[in-house]
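The following pair of complexes shares a single chain, chain A, combined with chain B in the former and chain C in the latter.
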Partner chain A sequence: MKKLFNSPETMVDDMIDGFVEAYPQVRRGAIDPRVVVRRRDAKNPDEKVTLLIGNGAGHEPIAMGFVGQGLLDANVVGDVFAAPSADLILDGVREVTGKAGSILLISQHSGDVINGRAATMLAEEDGLTVLPLLMYDDISAAPPERRQDRRGAPGTMFIYKILGAAAEEGTDQATLMRLGEEVRDRTVTLAAALSPGISPLTGLPMFSLPDDEIYLGMGVHGEPGVGRVKTGPVRGLVVEMIARLLEDRPIAEGGRAAVIINGMGGTTQMELLTVWRETAAELRRRGITPLAPMVGSYVTTQEMGGFSISLLEPEDEMLRLWCAPQDSPAFPEIHMIPEDDQK
Partner chain B sequence: MSAERYFNALRNKVAGEMAQLNALDAALGDGDHGTTLLRGLTSAAQAADGRRAKAFMRASGGASGTLFGLVLHEIEQHLETGADLGDGLARAEARIRDLGQVKPGDKSMIDALSPAARALRDGDLRAAVAAAGAGRDATVEMIARRGRAQYVEGGGQGHMDPGAVSLTMMLALLAETEAAA
Partner chain C sequence: MTDIPLSKRRPIHGVAVDQGSGLAAALREARGAAARDDDLFLFKQLVARTMSTEATTLLVDAQYGRALLPEIATSCLPMLAFEADVYKIVNDDRITVLPDNLQVADYPALGVDVLKFFLYYGPNDDPRINDRKHKLVQQIGEQCREHGISFLFEPIVYDRAIPDSASAEFADRKPDLVARATRIFAQPEFNIAILKVELPVNLDFVEGIGTARMSRNDAEAAFRNAAEAAGDVPLLYLSAGVTFEQFEAGLKLARAAGVNMAGFMCGRAIWSDAIAVFGAEGPEAAERWMADEGLRRLRLLGEALA
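Now for the complex of A and B:
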């Protein structure tokens, strides 16, 4: 597989160089250059709670693309597909944490949880007030009675955005933690994988699937999920995925759902918009109003083919914050669907 | 004794035992425990004062780099600031049990660390090393419940846990160098 890098040793730093030069919203960290920090209109961290997250490189635009006003204050970038080390996350915490405290968002994967929580323990020794918020939403990773064992999946973007907007308005740390937990408890995600991403390190596919099969519930690195289904018109696949999502966390008839259709990197916007069309139609058929969609490739694994559907049953305040303006390099503008268009 | 001297000595010790640690790990995991420890310790030995355990975490990598780094962090604090080693090891033990979701008997570094921390409460470092060694030897008969070894046939019964071996090595070397100083 052809790839456009200089060398495995420099590929992550080369990318960060390109990123901070391309966007005036961000800069490299002063304490550690592997931290991408909000630059434009940064607020006083003694007054605003700061939000940060660490993740392995290779999944862009998440999460460095979401650093900016009304969203994240920093992203700690690990090596390719590897959680950043605890000391590196600590450097990120030190970079942005003031008297108002900070929240370290942790998408639940084993290395991220251990290193992220260890970083918050070390930060406490340094007198910094940082709280870890574990994020999980992938219904294929564990049954509803073990929700807390689920993996973090693209539905975690609801938490980033809603907490980012609330923090910008001056919400305090404890309230933000509660809000984050409430959003998490109202969010479910299910993914469908079509084809593997190619590792930038090895040049090899990260898993294999027969040409006529789709894998439901596969994690972003090829972790196992629900099982295989045959390919066919996408409507049938979406109907099955919505059924599984609503079986896991029901939304009553007359209810509503904010939706994320996330592409994994190798699936076209043409396909994703088709998936969104079928998702909206199926939700309406069930008497649920789809709201404020985010449709595009935001959590990717190189050229992996596939998508996920995330549903959030929002309270009014969550919905307002989900649609609030922000100024990051990669997060889209989120709009309410006009009443007239809800058929 | 300076932290610099300790980390240099530990690096050299692990360099000598690397093949042995890798062989132990090969029976239970992916066989790189000695290699990742040495990589971390080489970076720690060269790091600035106060940054050695952190340099270890970064260079060693992975969850094991973090968990061993938390032990080395307490040893570094003890050597740099005279912080009480017993308190430090007890804190490291609590953190590792919490983060790694391991407890005594699971066949892990905790089986050496936990008795050592307990021995240090009422005894000296020499007693703690002896307790760690006994805990290490007891891992041979244990069945792994966490980590990769749980997927090995029989949960790795019959094999000594490499994390318990290296943890004991860290404490033994601390006792040796403190006695020599």
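Now for the complex of A and C:
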């Protein structure tokens, strides 16, 4: 295995050291150094609801890259592919929670949910007002009637950004929770995996796939998906993915969709932009206006090849917040597509 | 994969190869300058390949599990651990680190019907810590029920007042600790299909096996008491780092005590001596050792139950 680490024991902390030194927006937590905390222009937590999330390392830039103004207030970083413990998440809650309360975002994966709920209960015992918001959007993990069983996928970035912008504007905790649930209920994601990432823990590919096949619906860790398709021009693949997404959650003709094209780590920007082109074209062909795209590799699994398409049918306010300015190390500026270009 | 479920497999002759960083360190030390990044995988692979031919179940870990599952013979029931790194517990409360690259919901699609979860448990600990542990086990049990997965739970007991678990003092306390932990987790709210438990005595202190600090009669009574605490939940004995000879003697002691056990799950007692072979002579020699001595040990443990 050729990877650029010093040792398995230090790889996560070495990375965080590099991260906080590279970006002035963030620092390590005072209570626990495994918490990455917003540094620049931090607001008084007695007045602003804070947002945080815990996740295993190995998927960067998510989520520590999204700590900053107008986004997350903290990210609790677990070991590689390991859910951070309830105690560690509690440290994160303690770092950032004031009288205005906080929201603990939980991307639905068994370990993260169990530990997140435990941390929430412990925080309540400490007198802290923290509410857990479960996030799930991967349509391959469960049918629409069991959408609450779906796992968290890159469409959760809509929630990060929209809630982050709303919290920055002073929205209260209960309103943010409702907004988060509404965004979640309007978001769907489907992934296509081309090749495995190599686990930095084991040195092994995380799954295997024939050279001429693409795995539809595989999770970010190689979790089982919905089936295999043969490789071919990307247009056909995108058309099929859009069809599945809209079958799961239809958007009427004349409707709108904000789009995330997320690369899994080993797929080039050249390819991702091609995927975006085909996604926009297919949505327009169906009479749906694509809006405010985010195209790049943000939720990764090492050098895993592939991408996901996430669609959000936004209300006007959601769209405004999605495009609002932010200051984090890794989240891109989101721009509306000029009307002249909507052809 | 085999289609005989866990509940139909009696007795269980299980082999565990779910160890993580501890085994990696032992292999690194044994290999010395010849150590490779993939030694841990190669070792697990050869254990899985050889032992699953005769073991009724084989337990693999979350990190290597997906790569190891194809190595398991079709006659053998695979079990997949739901821990990030078993036995590597760094926090003071000794709460197992959960994986975030494996969901309970993934088990059926992976062809695995049994989830194993391990947790250090101190019956004398602060009730607030134990309450958290109970909730954790309960939540995993609920998810197993939801997804139709059998839940195998492994509590390893400790007592903060006696940090040295190899001491005579801890040996005196162990039967009570194991029985209490067993009684708690046998309650139906945990949805545990099978309890993987330690031998309730420290064999180093049992008459006829180690020093005679504990009489054989008392040891047999400890086995019966701990087994009764399980009620209707089947018990699987684990080797927990004892030598092969000790584990074999322990199973015979359980049988002499009249314990109705579901079987055993054995890791290091079967394969720890292969680490030195792996280090000195390489993976192929270690595989030959496993196919010969490893399987011989597995058969002897099976006979100890018979």
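Operating definition for what follows: the second predicted complex is superposed on the first by the 343 of 343 C-alpha atoms of A that agree within 3 Å, B and C clash if a C-alpha of one lies under 4 Å from a C-alpha of the other, contacts with A are read in each partner's own complex, and residues count from 1 in each chain.
Note that in this section a residue touches a chain if its C-beta (ideal position, glycine included) is under 8 Å from a C-beta of that chain, and two chains touch if they have at least 3 such contacts.
Just so we're clear, the structure is a prediction, and the values are computed from it rather than from any experiment.
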item	value
Combined model on chain A where chain B meets chain C, clash or fit	clash
Touching partner for A:206 - first (chain B), second (chain C), both, neither	second
Partner chain in contact with A:82 - chain B first, chain C second, else both or neither	both
Partner chain(s) touched by A:115 [first = chain B, second = chain C, both, neither]	both
Which of chain B and chain C A:90 touches, first, second, both or neither	first
Which of chain B and chain C A:65 touches, first, second, both or neither	neither
Touching partner for A:217 - first (chain B), second (chain C), both, neither	neither
Chain B or chain C, by number of chain A residues touched	C
Residue range of chain C overlapping chain B upon superposition on chain A, of 44-52, 152-160 or 206-214	152-160
Doubly contacted chain A residues - partners chain C and chain B	79, 82, 85-87, 110-111, 114-115, 117-118, 121-122
Contact footprint of chain A on chain B as seen in their complex	53-55, 57-58, 61-63, 65-67, 69-70, 73, 95, 98-100
In the complex with chain B, residue positions of chain A that touch it	79, 82, 85-88, 90, 110-111, 113-115, 117-118, 121-122
Chain A partner contacts - residues on chain C that touch it in the complex	21, 37-38, 40-41, 63-64, 66-67, 82, 84-85, 91, 93, 95, 97-106, 109-110, 132, 135-136, 139-140, 143
Chain C-touching residues of chain A, taken from the complex the two chains share	1, 8, 55-56, 78-79, 81-83, 85-87, 109-112, 114-115, 117-118, 121-122, 141-142, 149, 151, 199, 201-207, 219, 221-224
